[in-house]
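See structure below.
By written order: A, B, C, D and E. Residues from 1 in each chain.
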Amino acid sequence: QDKIKVGLILTLSGPAAALGQQARAAFEMALKDLGGKLGGREVELVVADDELKPDVAVTKVKGLIDRDKVDVVVGPTFSNILGAIAKPVTDAKVFLISPNAGPSPLAGKGCSPFFFATSYQNDQVHQVSGKVAQSRGYKTLYLLAPNYQAGKDAIAGVKRDYKGQIVEESYVPLNTLDFQSELAKIAAAKPDAVFTFMPGGMGVNLIKQYKQAGLADRIPLLSSFTVDESTLPAQGDAALGMFAGSNWAPDLDNPQNKAFVAAYVAQQKAVPATYAFQAYDAALLLDGALKATGGKTDDKEALRAAFLKADFTSLRGAFKFSRNGFPVQDFYLTKVGKRPDGKLETQIVEKVFSDYVDSYLPECSIK
Amino acid sequence: MSSTLLLIQILNGLQFGVILFLIAAGLTLVFGVMDFINLAHGVQYMVGAYLTAAFAAATGSFWLGLALALPAALLIGLALELLVFRHLYERSHLDQVLATFGVIIFLGEAVRMVWGSAPIGVEMPEALSGSIEIAPGLLYPVWRLVIIAAGLGVGIGLYLTVHHTRIGMLMRAGASNAPMVSALGVDIRLLFTLVFGFGAMLAGFAGAMVAPILSVEPGMGDGILILAFVVIVIGGIGSIRGAFVAALLIGLVDTLGRFLAPMLLRLLLDPAAASQTGRALAPMLVYILMAVTLFVRPAGLFPARR
Amino acid sequence: MTALLRVEGLSKSYGALRVTDGLSLSVEPGELHAVIGPNGAGKTTLIHQISGMTPPDAGRILFAGEDVTGRSMAGRALAGLARSFQITSILPRFSALQNVALAVQARSGSSFRFLSPVDGEAALTGPARDLLARFGLAERAEMPAGALSHGEKRQLELAIALATAPKLLLLDEPLAGTSHAESARIVEILRGLTGSVAILLVEHDMEAVFALADRVSVLVYGRVIATGAPEAIRSNPEVRAAYLGEEAA
Amino acid sequence: MARRLRREWLPLGLFLALALVPVLAPLGPQSFILSLMTRIVVVALAALSLDLLIGKGGLVSFGHAACLGIGAYAVGILSAEGVTDGGAHLAVAIAAAAFFALATGAVAMRTDGVHFIMITLAFGQMLYFLATALSAYGGDDGITLPGRSTVLGRDVLASDTVLYLAALGALLAAYLLLRRIAASRFGRVLEGARDNPVRMEAIGFRPFRFRLAAYLISAMIAAVAGVLLANQTGFVSPATMAWQRSGELIFIVVLGGLGSLHGAILGAIAFILAEELLSHWSEHWRIVFGPLLILAVLFARGGLAGLLTKGARP
Amino acid sequence: MSAPLLEIEALEASYGPAQVLFGIGFSVGAGEVVALLGRNGMGKTTTIRSIMGLHRDCRGRIAFDGRVVLGSPPFRIGQAGIGYVPEGRQVFPTLTVEENLVATAAIRAGRDRWRLPEVYALFPRLAERRRNLGTQLSGGEQQMLAVGRALMTNPKLLILDEATEGLAPLVRAEIWAVLRRLRAEGQSILVVDKNVDILTELADRHVVIEKGRVVWTGTSAELRTSPEVKDRHLHI
């Protein structure tokens, strides 16, 4: 048998490259741990950088499919890129495995038999915070997100399970540097808790300034994609004690995960975030499915069935796929803490949802 | 809404403005006064932040880090001038744009190769990390005040240098007619080299000063670059005073606009539509401000005397 | 018979400096009216105001019987008011010929023609070539205007102004920067125009002024201190003190 | 004729080479080559329209991607509403771009130089943020198109080759049109206003009108490019309108050689191919790409077009 | 006699493919006033810009004060002691009148004949307008400023390229008087001007250029008595 070709398309350059870098490192680690083979076949990995530009991404995946003749595409990092490449890839009847982005259209009306996500449906992560705010009995909640689609989705996600009073729904421009005025509003509103979704550098700025303004000790901060292992090194101790929703954390207690985190830290000199773990799982998923088909990729039906079975040991423990290709899994509340080696990481506080199914599944027409 | 909150927001707007000015200061010098479009200003700012982070981490002290980062930024600026900029003075603005865009791409990637893509942090000097009460019940982070002081200091220093020293005169003269200055016996090349080095150092200084409150990450200079240009253009190209006023104005409009616009809109529209419109409008505010300013005063608020 | 150009009570200040101070002046059809005066007296500013480049603070400008005070510079040019600039203002990247042809184009039909090549329009290049030849620039026709020598540029400047076929020419020091030989030629050309085209001439070359002018006005600190026939002005003691010195003696 | 050929070999060669693409594409990874080349041709079209403004008019628009976006969104929104006809897409795109150009141009033309750059940036950004606020059409995540535009109810553009040829046809048509315009009376005035607007007014032209007209033409052509881009990508998002995109278009025009028109095409080919090849070679391709740009500015005066035709100019 | 202050030999200059100077040669001695004459477009300005190092596309030999300066950057030539009044004024538009004068002022080798008060005394109009920007001056005022600016560098050799263009007769006369005075003080001067009559009084020697070649040199007395030179080369 000749090699199986895997196309990996991620945002690897430009300002937002950190997440893609983690994913690639982890995916490559997984291949190594699997002995350079998936389902018993040698692997040839073709990596492409989507530059976070939709039209570039489309050309790149066409290159992967057409020029490099990859058997499966893994990627991308961001939802808007996924929106652009999902159709060309699945139209070409190539399987697309998303190691991070999980936008609602692909879970619902736009679901495809050729699509699987090893991550989650985006809303689910935000729902964790809403559920926690509700169950902890916070009477008032202050919501803060950047003014773009993902920010709006985040706030919608939180509101789904939270029934208390929302004192403010504040949207800041994308790439806001200075949160001073938001912090002043929060201090004036005195909510029981704040929820925020502030990915990347914005999260770093917010957390540092939140701490500097003296709010960290007074008002608990719930979040998604704001404090994770990709931003913690920059946030430093200012992030200690902040909460986040997640489907995984580095300290999740199972042997595979412990080994993975230790190996990753040793190799990358940094603690892995979900982007890394999900990419690692993507490789495991491929391996499991290909084992089931005996390494064959021609029979798409069989391959899909093999994927759906999710017959591998995920770093997050057991999980299944819904028919829309999204996982049914547990979600946790995490909190930033210190590892024995002094590095920061998110640590599991409690399980918030068990075997949680995303809410768009009913809209998906696939049987 | 309480009036204290409004007051705090005005203060926040002003201090955001000063930060903007601090970041735009080097650009004011190189673009405003010297009439050289240096798109690389943003990456020079980023490099300053990274250098400070690296040196501070190595020495364990922010101040030592800053002290080492400034000469390093200066050296990088001088090197860039010698290799690239000096061949572009007599070229069109567009050539300058293209070449300095090349510098952005190069430096941006170089930074990523050295420090990686993930944001990194800089610890603020312990002594200045607290807050002080500037009015009863009004706490303000000390570092912010330090930044304000730095911004004011840089502004005044720049103004005096450009408008009240012979170096400043020669810079302005050289910007409009370098060969003539040279023919009158002044080594304008050398002066330009120094000015560009200094501009790079100012950019680096801004990066260093904001590093403790902002994330140090690739691309941190991109958006800022545009904002810095907006500041200079609204203020009137070549006018340091104008840049200062414009920076404060933008800080205020941006901060207060986001704060007040939804409230004002709520008077006109139903709440859902108001917040919807408010959200759509907020990010445009700065650009609307610029468009309106240029419509009313096509050369900016304080058109430099040129 | 009415004057072709009548300026009434024109005023313009820059800060405290009154550059034009209640100035009135007229140019009759076909007349060459020279304006002389010390440096900084406001002569160029006067031409700027008449041509529409600088709005006056007060006063009226009547051209061919119409009040043109509020009209744009382009509007006035189309109405027949052409000007030259003291500080040469040409299109440096265009050839000398194209510079002049463009001025011809301005007065010959719409320029919103998108498809036919302009270089092929003989109706534009023909007259342009003739004009260049009159200024002795025929050899330079295809050269980029920016590559001409200073004196040649000055002559091109004049050729452009003439190419618009004006009723009134506002000339701001057309002889400055031209050598003796070229000056003589320009004086000849201007003399050829008198009678058909009215000219308001600002010039420091007294020889030329007194040789050409029908009337001379003397401007000092934004005010006309004397107007009259060349001979009268030449012997006016006030004018001699303020402007001419001994040179004209 | 021979002389003319000597002067024109570059544009002729360019179009010949582009015309051969569909013939040669099946020899390689066809759909990829066509996708890449279609993107190049579309970007070239946008850059070409911008060259009319920058090269001929001296008007450096830093918001040109907005027009591209208008074209793309015309396809996106109409398709989402069930109108798939390409003719309708084009008509709406062109009309919307014309409206945008008139409205913003009337304001922007009051300024010049760097101020013009910044005010066009401002309008571009406003449109960008407007698009991100269009929640009904995906906000800033954008929308996936159900399919390509149809022509008279038929799905001819579904073929990559046909789409490429359509784009190439548009490029050729625009190139010929703009060449005529550049050499016309109108073009002459536009160039004159670029070099010395005061002189132009003094001989009786109002630069404002000519500039506005050029802005209009340019915006409409860019909108056509936007329609094609949406069809090529199968996806529409505000990213099309980001200021970086406008910047890229300016770079392409300058890199190719200002004002030569075919330079814009050359610039697009060079820029995108370099990006594609380098990024295929290493993820750190920018460390090479940046210095390449700098070298291009320092040593290729008059851009790539100037470099290639240096010997051929009489 | 010592070596001349400025020496030009076999100077050729081109603009791209077009050569415009074909072996110009002349000299200016210490304390001497030399006039460069010729019709428009003959190469006077090109010669001067070559001396100043502003026109790079030239070959030959130019020596100032005993040192070869061709090839040196302009600022070295300026520092060596040449004061330059360029054609077309070229005052600095973004500087005030006073700043224009002060910015490049220098006291070289102890010569301090010209400081602000002296220049203002020479051109009172400039003193009145000292706070105005360069661009806000009338044409003639700009011309005065250009002359004053060159004087403020206290040069050994003053080069004036059409320095009286656009000046009113009184001011023109004033400048000629100043040049006469300077000449009496031993200042070396190279001057280009259209007023041949005055130059024949002022200059010691004349160099007539035609189409990039020196076609005649001689003293003022010789020029006065050579109507054919005036007629043929200068069309007077």
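One rule holds for everything that comes next: a contact is a pair of C-beta atoms (placed from the backbone, for glycine too) under 8 Å apart; a residue touches a chain by one contact, two chains touch by 3 or more.
Here's who's who by UniProt: B = Amino acid/amide ABC transporter membrane protein 1 (HAAT family); C = Amino acid/amide ABC transporter ATP-binding protein 1 (HAAT family); D = Amino acid/amide ABC transporter membrane protein 2 (HAAT family); E = Amino acid/amide ABC transporter ATP-binding protein 2 (HAAT family).
Predicted model, so just to flag it, every value in this text is computed and none were measured.
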Contacts common to subunit A and subunit E (chain labels): B
Cα-centroid distance, subunit C relative to subunit E, in whole angstrom: 29
Distance between chain centroids, defined by C-alpha means - subunit B, subunit C (Å): 47
Chain centre separation (subunit D, subunit E; CA means) in Å: 51
Averaged-CA centre spacing for the pair subunit E and subunit B, given as whole angstrom: 45
Shared-contact residues (touching 2 or more other chains) in subunit A: 13, 147, 174
In contact (per the touch rule at the top): chain pairs: A-B, A-D, B-D, B-E, C-D, C-E
In the complex, subunit D residues that touch subunit B: 54, 60, 107, 110-115, 118-119, 121-123, 125-126, 129-130, 132-133, 243-244, 247, 250-251, 254-255, 258, 284, 286-287, 289-294, 296-298
Touching residues (chain side subunit D, partner subunit A) in the complex: 28-33, 35-36, 39, 132, 135, 138-145, 229, 232-235, 237, 239-240, 276, 279-280, 283, 285-286
Subunit E - residues contacting subunit C, complex: 15, 38-42, 45, 87-88, 125, 129, 136-141, 143-144, 162, 165-173, 194, 196, 234-236
List of subunit B residues in touch with subunit D within their complex: 37, 84, 87-88, 91, 93-95, 97-99, 101-110, 112-113, 222, 226, 229-230, 233, 237, 276, 279-280, 283-284, 287-288, 290-291, 294-295, 298-300
Of subunit A, residues touching subunit B in the complex: 13-18, 20-21, 147, 169, 171-175, 177-178, 180-181, 184-185, 188, 200-205, 208-209, 212-214, 230-231, 233-236, 270
